[in-house]
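Next up is a structure, given as structure tokens.
When the chains are written out, they are named A, B, C, D, E, F, G and H in that same order, and each has its own residue count from 1.
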Amino acid sequence: MSVDDAMSSLRTLPYEDLGFAKIDHHRPLRTGFPEVVLGKGKRPEQVAAIVASLTGRGHPVLVTKTDPLAYEAVVRQTPEANYNDLARAIVVPGPHSAPSREGVLVVTAGTADLPVAEEACLTAELMGSRVTRINDVGVAGLHRVMDALPNLQEAKVIILVAGMEAALVSVVAGLVSVPVVAVPTSVGYGSSFEGLAALLGMLNSCAPGVAVVNIDNGFGAGYLAAQILRNGYQAPD
Amino acid sequence: MSVDDAMSSLRTLPYEDLGFAKIDHHRPLRTGFPEVVLGKGKRPEQVAAIVASLTGRGHPVLVTKTDPLAYEAVVRQTPEANYNDLARAIVVPGPHSAPSREGVLVVTAGTADLPVAEEACLTAELMGSRVTRINDVGVAGLHRVMDALPNLQEAKVIILVAGMEAALVSVVAGLVSVPVVAVPTSVGYGSSFEGLAALLGMLNSCAPGVAVVNIDNGFGAGYLAAQILRNGYQAPD
Amino acid sequence: MSVDDAMSSLRTLPYEDLGFAKIDHHRPLRTGFPEVVLGKGKRPEQVAAIVASLTGRGHPVLVTKTDPLAYEAVVRQTPEANYNDLARAIVVPGPHSAPSREGVLVVTAGTADLPVAEEACLTAELMGSRVTRINDVGVAGLHRVMDALPNLQEAKVIILVAGMEAALVSVVAGLVSVPVVAVPTSVGYGSSFEGLAALLGMLNSCAPGVAVVNIDNGFGAGYLAAQILRNGYQAPD
Amino acid sequence: MSVDDAMSSLRTLPYEDLGFAKIDHHRPLRTGFPEVVLGKGKRPEQVAAIVASLTGRGHPVLVTKTDPLAYEAVVRQTPEANYNDLARAIVVPGPHSAPSREGVLVVTAGTADLPVAEEACLTAELMGSRVTRINDVGVAGLHRVMDALPNLQEAKVIILVAGMEAALVSVVAGLVSVPVVAVPTSVGYGSSFEGLAALLGMLNSCAPGVAVVNIDNGFGAGYLAAQILRNGYQAPD
Amino acid sequence: MSVDDAMSSLRTLPYEDLGFAKIDHHRPLRTGFPEVVLGKGKRPEQVAAIVASLTGRGHPVLVTKTDPLAYEAVVRQTPEANYNDLARAIVVPGPHSAPSREGVLVVTAGTADLPVAEEACLTAELMGSRVTRINDVGVAGLHRVMDALPNLQEAKVIILVAGMEAALVSVVAGLVSVPVVAVPTSVGYGSSFEGLAALLGMLNSCAPGVAVVNIDNGFGAGYLAAQILRNGYQAPD
Amino acid sequence: MSVDDAMSSLRTLPYEDLGFAKIDHHRPLRTGFPEVVLGKGKRPEQVAAIVASLTGRGHPVLVTKTDPLAYEAVVRQTPEANYNDLARAIVVPGPHSAPSREGVLVVTAGTADLPVAEEACLTAELMGSRVTRINDVGVAGLHRVMDALPNLQEAKVIILVAGMEAALVSVVAGLVSVPVVAVPTSVGYGSSFEGLAALLGMLNSCAPGVAVVNIDNGFGAGYLAAQILRNGYQAPD
Amino acid sequence: MSVDDAMSSLRTLPYEDLGFAKIDHHRPLRTGFPEVVLGKGKRPEQVAAIVASLTGRGHPVLVTKTDPLAYEAVVRQTPEANYNDLARAIVVPGPHSAPSREGVLVVTAGTADLPVAEEACLTAELMGSRVTRINDVGVAGLHRVMDALPNLQEAKVIILVAGMEAALVSVVAGLVSVPVVAVPTSVGYGSSFEGLAALLGMLNSCAPGVAVVNIDNGFGAGYLAAQILRNGYQAPD
Amino acid sequence: MSVDDAMSSLRTLPYEDLGFAKIDHHRPLRTGFPEVVLGKGKRPEQVAAIVASLTGRGHPVLVTKTDPLAYEAVVRQTPEANYNDLARAIVVPGPHSAPSREGVLVVTAGTADLPVAEEACLTAELMGSRVTRINDVGVAGLHRVMDALPNLQEAKVIILVAGMEAALVSVVAGLVSVPVVAVPTSVGYGSSFEGLAALLGMLNSCAPGVAVVNIDNGFGAGYLAAQILRNGYQAPD
């Protein structure tokens, strides 16, 4: 493909302009997943309009970091929308959303990391991955890590969700030979500085093969894991 | 595999103790790559002893963030070692190091990012990947990004190396549907704060599918990319 | 003009002392715009008294970062005052406030940046500029940037409002040859650190011609843009 | 112009690929100024090759934050290059570089800010502006500010270069009605934190009409000032 | 006085133990002012008990950074206590609290700095100083500073209360030859980072003769100013 | 004990999986204390289930940084649970919880440090230590420190709880020859930055023999002190 | 004095323009001390020219944070200049520089704080104060503080110079009733973060009456102390 | 002992004043160890004078963070002094320095942590402890931790020395029931920010029983460990 062809394919990509938002209906075709909506900072009626515009085009729709108020506005226009209370997410299921690719393992270091982990699971599942969950695997009780070893060694990609000092990442990444997607969480207090300690810990991991995403960014981790998993992914016809 | 079996396999892993370092000869078998040596903070004679211990076991050896002094000490004991001046790395080639898997693309935002990019290329190649390089693709000249579009769309995993504000990451990750490994560099001045601006920019990218590693961590990016690439990797017999 | 003349002109500038505030009625003559009132940190009755003192002198009055409570206090004394809910601003329109100079373009990277953008638009319009608005032009969907290209290339000064990693700034500033006023916003979460990531990204932009203002400072951007636009501006008689 | 036309004009932009750098020869036509070269982080021979590629095309060439070693390499290939010791910059003068537009005033708060100010002056002059310089106008001696008042009030755009607490910015911006481009410098010690105090001071200025650039970024300030100055600038035929 | 004598005078200092607090009744004799009570972080009943213990010993009592709830608890036990709503302080007036030493001038940069300034005034007055107040002297309107010049030049010690960039400090300290006590406030938004910008600005002031206290620490400034003022202060018999 | 034996003992450690949490019933045997539950970030019903699972196994149970809502949920299932309002902790007393080892001294610098100190006391007592408390020993009143000298010199391990500048640590550690466990608290305002000032002060103490724990981590301090105290501790049969 | 008179007196203040610096010869008359020269960031020949311009006008001249190279340049033009190796300062003694006012006490916490302390002493002495020095009074050896008690209680103003955690400030300020000028130093390592720990410690001191200056700013402390000391100071005729 | 007695014992403590330093000869009696000398920031001749003053009093002398230049000055006056090149420390052995108490285990996470670990070992040994060393126990190779398990479970106090993300701390502290003294090191690069990542990781460890000291503070860790170890320590007669 020449530069000209590349440019041409780019310039013809369609989108819908709602005034306060531009909806990219081509994105599912291009990347295999609809534009996810970050709920934070948007008004309920804006979320509802965006969801309505994205719904019914053969793909699931996902709104992250949202709340019941936005859901109320959404469900009035889009009755098939569900609210996932743990992940604080709105989901409109698509027609083909049964997960089919095995191999994503999501592990949390503690109970308080569950909401972020759930956001990751939801995302990966909507992108066609089958997800296994293991919770509360703190390294201070190494036998719990050991008990998860069979799961860790079977996974094709591992998402680790941890706050505080996030030591789990180095321990697990040293035990496996597949990519580890590390999600720092704002779980902790004092000098955890809202997730900074976990973020720095993950970035400085002595084990190679670790990819880091933003603090509390379960969506980003789920997306990346699903992307790594689907080899030769083809957009639906 | 039961927990007991997992534990058993763990406890029998061999290593060699040099006193100041423990060499993990089992690692190549377990993860498909020898323990890379971070040269920074180690004395030349320590680097030399570690390299000597790792050499000759059927795998390449890599020392990162090192210098000519350490290389001098290494080459006295290990004459087949080479020094890569651009990446500031020592490499002892292994018997089977011809890259065979296609699909890693390494892109720099500017000329000053080259040393970190070279570290990434070197690592991915030693792990069996074939690497394509494109340099100096700053987003302030968007046509240069566009010219790279065919390469970007062919790649199976993309490593982006960028300092300053690292805007390249969001632009590229929005154009492709494969994982992007983002390496912030300490290139810049003033409020780049030795790579902090680039790191935060990458972590907060509005495009999904972005994995971030430590500032200047070319090795980590190359390792992760090769790991993502090799589906069904098997350790050499 | 000699130093003595300069000093003399300075010392005779009038102001009105309300006790808790000094109102600078000369400012419109000197700078072409009345002293804007930062609502944050002031009590409703203080805001009301300041607005009353500034109103009716042939200039519009603007209160930024305020709330409905302050507006209630203001409108009791100044019935012609309006409240702009999106920008969280109080406006008392002046007699000559019809915008007459073309060329300010205000672009947001996302829907959540709208309140800050609206503050910028309001300010530039009150200073006599005609403002074009384009919303939700994230660089992760480059075709949306491309679609805005005609507007970008017609503008005489561009205000970019972006949170998260603010990559839009480098992309746009590389496409145009006019000044770009960049407003980082506190939109984002985790390591956006309340707008720090966007601020650093903008300051370190690889594209020249970028002016940065404080986080969420829509007013400052609108003011600067209008100031750049009005060549040979003369204070009203 | 339609989106297609915009895209077409973009995709045909030429550049030259040196391997380690892509030189954008179209840039002078597009923005009215050649791509400036940031010397920091580039090897002398890389700087020399880039300068050689940019020279002789009817435009001046500028290398910032460089050193005598790079100059030595440059001058061997490009004998008409000069080294500005104060600004630490290499300049290859262009055929039409006589400044012709009046109105840029560059003011420093102290003697130690001179190198950054000189970089700003050089840039603005190469872009066709006539520059007036005033040095060492600290606000702790307000009569020195007052003495500069006639110059301040005549300028069409003012560049303020200041380290430490950078109070000069608020004082000057309150005295004039033209845009002020503020350059924080790393001048100072202790809690100036390499320019952070000045940067924050400028971003939080209580006076409107202030545009901030990166710490020590004299080039960016000179570029922005020249850009603001040239109304209706047309690229040379 | 020998070391032994010094120690003896120290060891005999009395205090009262309330269990959760130790009240230092000797402090007024030693330093000329009772132990001020920081209200923040104490429960209403704790504040009330401490105030009751300190009251009636011939000195005023001051509680800072408190609230109406604590005042309610205090006034039940100590009916002569007053609540200063602006300064958020509780005051129990002492028998001799009429201010008698002239020379403290308290200046604010803006209306929102008033609560901190009032805390400073209250403290200095309770320590026997006569305080002059000037509000809203932003340097962006230099004629307002000039109008205050006679007061500035008459003062024996000046307290400057400023948020945002705090440029007022350098301007005023350059105009006078007496000590300036600078109080940064958390007034501002965005990159003011809750007063950090003002704090750094004050610490890096280019004018000598500036003493800085903690962010929002009006009490500390009032105390220091009164201490500087009272030459040859003698504790009451 | 051989490596194999060590591994074997590790792999057989029991735990109970609640789905959202893994309860480590072996921990009391292994470390002499049950897994403490960090209440923060857990839902009331999760806290209640964890407490129920831990209760009745011959050990006390402790939940820190919790609230009355969680206690309500807990007490419904575990009626013997108590709520310590000052420490914000839930305690289920164990059968043998009478403190028996003398020597832990807990000292606070101010009244507002009491909640953190109480968490430390509670923890040390549950671990079998007898605790002496001294409150409000600020170094600005050195005679109060002196009055505590006999207690300080009798203690076997000292916990110091201090916010603000935490100077108490250096003074006390210089007076004694036993370990000092320093707990920074988030008490303070302005540039205390939520405990950062106290944390840095403690880490940089000029007196040796100081161990620091996380900001507000009373539990960690109490645990460490009890651990230091119990020489030759044996897990109960 | 009226506003007009104040302004008039301001505008007629003389200064000498060296091109790269403006020398304020009126300053000694206005503030009782010549403009001190911050050597850092100035070239030797610039320092020499400034010193030559300031010398011989009846006042001492002081250059701080300078080095032997600058001194060499200075002494060629100004042979009476001395170099103080400990304080890294150049001094040109004035005709009346014999210290005459008693009462400044300069105390260091450790030997490494001596250079900053010496800068403070030099400044205060040049401004006419008699200075007493006490070195190495760390609070970890409280008897050393006690031994200094007579000096502390005789002083009229105390300068405390301390790095690391700077606990000395709270201890001393609690023992005296005179102003304490606290100078944080960059002495320390690790988490002292170049003086940040000391700076925060001093700003958050629990003892009132503490004025803080910039890290390593001995000059500022000496200036402030001398200013506090000289009551009714009159400029020399 | 009464307060008076405590005070009396304090005031009579002897020290020797060298002018630039006060030597505390009583300290060995009071705390069981001589005042250690921090070499950093002191001139060679100052170090030599302090060592000479401390030597020959029946105790070893230790200088940390020093260099060969200081050692040269020391050995001229104190020929029995040794230089430990790895720990960068000067040691003058005392008459009774044979280690006698078993139980300190010092573990490093990597080879580059050795200098800090050696400083800890040296200190603990000089204080009478017998020290076992284990190096390079990174958690990414968990079998190396497992191999150390027997040593870990035999130790009475464990010093962990780790840079980068310091995950070793949580793993080890979860395996043992004795106090763990954690020393963050500045080993690492990029976002390790000179040890900040390791420091935060250790402070936020999910395992209880962890005491943290300053970055690179091997001395502090060794001192604390020896202090914990020596139960019922008595000063030599």
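Here, a residue touches a chain if its C-beta (ideal position, glycine included) is under 8 Å from a C-beta of that chain, and two chains touch if they have at least 3 such contacts.
Everything numeric here is computed off the predicted structure, so don't read it as measured data.
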Same residues or different residues: which describes how chain A and chain F meet, taking over half shared numbers as same? different
Chain located farthest away, centre of chain F as origin (C-alpha): D
For chain D paired with chain F, centre-to-centre distance based on mean C-alpha positions, whole Å: 57
Approximately how many whole Å separate the CA-defined centres of chain E and chain H? 43
Averaging only over C-alpha atoms, locate the centres of chain E and chain F and give their separation in whole Å. 36
What are the residue numbers in chain A that touch two or more other chains? 3, 7, 10-11, 110, 141-142, 146-147, 175, 190-192, 196, 199, 203-204, 214-215
What part of chain B is in contact with chain C in the complex they form? 109-110, 138-142, 164-167, 169-171, 173-175, 188, 190-193, 196-198, 200-207
Chain B contact footprint on chain A (complex, rising order): 1-3, 6-7, 10, 30-33, 36, 146-147, 149-150, 153, 175-179, 181, 199, 203-204, 208-215, 219-220, 223-224, 227-228, 231, 233
Could you please specify the touching residues of chain F with respect to chain E in the complex? 110-112, 114, 135-137, 141-144, 146-147, 163, 187, 189-192
Applying the document's contact rule, which stretches of chain G touch chain D when the two form their complex? 10-13, 15, 19-22, 24, 27, 35, 38, 40-42, 46, 50, 65, 184, 186, 194-196, 199, 214-217
